[in-house]
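Read through the structures below before going on.
There are two complexes below, and they share chain A, which is joined by chain B in the first and by chain C in the second.
Right, the complex of A and B next:
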């Protein structure tokens, strides 16, 4: 099979036939390296291939698929001619658009969850900074509180709070899928995992509100 | 109900054209027809050159997965009725190279599936006369969900990570690894960990969760992957204990 398409001295073959035989040569499991390269070169001729026949509806195809990426190679690609992949010389590989995450609402929520983790990090840093200023003394702490009370900072922190709530809710909602289905021989129900997490969040928040609002 | 419905189908004929094209087909609308029935109508009555895969027509073989209106679905389980008024856009599964029309090449998945050793591995193989390896219903229940996978690869098409990082071993392969890891008869979890507890294993996954959302068999591959992350992390911490080696 590997010899097909490379016979010498025979009558010239019709272009399409030559192409299909060249494809076979590429697919030949026992094809030697040099032969393979030559075969792929034959296939990788001028755009449109040797056949030169095109169907009517392919006229506007380039405009319809501007993202087409034919650079390859995939698994088993041919290094000499990366536009074609060994055994599969004419694979179509769509290029991934940079706005792939706008394809579905679920992807948008995922990206938002990932991005709002920046707000989580920021909130953590802010608390560390507050603690550091408490240690520096009442004056430093008061100055920081004054800074935080500025309208611009308050507006930013209102946005950070929304981002934190969004991140927390979307994160907590994923927890039933991440925990083992069985702990100590007992089967864990998804709703109990959710209820436990939200209850813990509620209790911690209530303690914080009590400390801030009642004790101070 | 309309008389007809239009299917806008992805066409790619590598021997004829350099880039793919869309082709519209108008098919008669029948209540209870699936998208696959419409494709079969096109193939039989309108255009015999259209290529696609299908076999069982009842959601078991996993061959007829395609993108319909941008969602990965089994076309044999998707009613035309639910997609009215159309046009209905049909494309090959996302994330895989297209061989022709709606046919994608899935050999990347098959190679990855082999790597996770999807069979029962025993260190102590019993003789046949000793009988079968017995299992309680509770033990069966531990992995049964993951054994429902039909390799339809909708989860791969739904996973943006697989598209962005093709070395990712992917949702179905990891769910099938867990199918054996959770099997009480299996003793090969450590062997599979070498393949899975690495970046291109479970750690590529950022938990988008769409693999579980589109799974027609409710396998929950996202859950399988996250549970594997927990197991791999616990294994790593255990390896830090004195006297233990990874």
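Right, the complex of A and C next:
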């Protein structure tokens, strides 16, 4: 039909309230049923080149709302494309500033926690780079060690380590909420889940540091 | 179809998050803080190579690194979505983040199983 829909990809279903309210405004023909379609046909919008046979034009309505879509009558007086409605509901979408998360310390902590994922990805990249240089030979490995010992790089890496620890703490603190409260009918206490995970962190860390330190 | 991928992506995010939480601080502190500062002796190249090319080490490093990339992808995607409200760029952001994680995982596979 007339291709000037005001809804861009929105749901095509017009809410009935809007339509009947529009009808009441026009001619008081807001009774549900046959009268509604007739009423909307009557205000069928600026005809222009629509080529439809308009039943009637109730005058000021179309001129008062020039950007209403053309709801021309179909063959036999049936309404046109039901996807089009004269009034689009205004969705309530409050504008939120981009830095909304600076409003409260809790939000800042939330965003900081989410951004620890960058540190996780960076650590993965650095491990890849180091392994790659180990594979390339003593010369490349020596250059990599020199790069890692630069003061600026060390300062950045100290910050990355802080972020990684923050990731570990926030992640492990959530484990009681992520695990089932009962296993096989036995209640699992949150603190024991927490303690178990922190213990695992400690043991794994000790083993890893021991491996690197003893091998060297 | 996009909806049906979500559980898999979340599982990789969760697995990567857990592995990273348990292992990365220790690995990072030992290799990139303590060794350059001289708190511990840096590994000699042949020792590092022998250590990393053990099959368990290859698999473990690959798992930590690649799942870490997917952890980053998933979390960073939603940080952009919520924090910067890039709702209209949702598809682009998803393609870029998960695409990078996939490419980097392929690179990790090469480094740990071919180059090393």
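As a working rule, the second predicted complex is superposed on the first by the 120 of 216 C-alpha atoms of A that agree within 3 Å, B and C clash if a C-alpha of one lies under 4 Å from a C-alpha of the other, contacts with A are read in each partner's own complex, and residues count from 1 in each chain.
Note that in this section a contact is a pair of C-beta atoms (placed from the backbone, for glycine too) under 8 Å apart; a residue touches a chain by one contact, two chains touch by 3 or more.
Note that the structure is a prediction, hence the values are computed from the model and not measured.
In the superposed pair of complexes, A:155 makes contact with neither chain B nor chain C. By the document's definition of touching, both partners, chain B and chain C, reach A:114. By the touch criterion defined above, A:91 reaches chain B but does not reach chain C. When the shared chain is aligned, no partner comes close enough to touch A:143: not chain B, not chain C.
Judged by the touch definition given at the top, the superposed model places A:177 against chain B, while chain C stays out of reach. Contact with chain B, but none with chain C, is seen for A:106 once the two complexes are overlaid on the shared chain.
Residues 96, 101, 114 of chain A are contacted both by chain B in one complex and by chain C in the other. Residue ranges on chain B touching chain A, taken from their complex, read 11-23, 70-71, 94, 97-99, 105, 107-108, 111, 142, 160, 163-164, 166, 206-210, 212-213, 220, 222-223, 226-227, 229-230.
Across the interface of their complex, chain B is touched by residues 16, 19-20, 47-49, 51, 53-55, 57-58, 60-62, 64-65, 68, 70, 74-75, 85, 88-94, 96, 100-101, 103-104, 106-107, 110, 114, 174, 176-182 of chain A. By the touch criterion given at the top, residues 16-18, 20-33, 35-37, 40-49, 51-52, 61, 64-66, 68-69, 71-76, 78-79, 82-85, 104, 107-108, 111-112, 115-116 of chain C touch chain A in their complex. Residues of chain A touching chain C in their complex: 96, 98, 101, 111, 114-115, 117-118, 120-121, 123-128, 130-132, 134-138, 141-142, 145, 148-149, 154, 157-158, 160-161, 164-165, 167-168, 171-172, 200-201, 204-206, 208-209, 211-213, 215-216.
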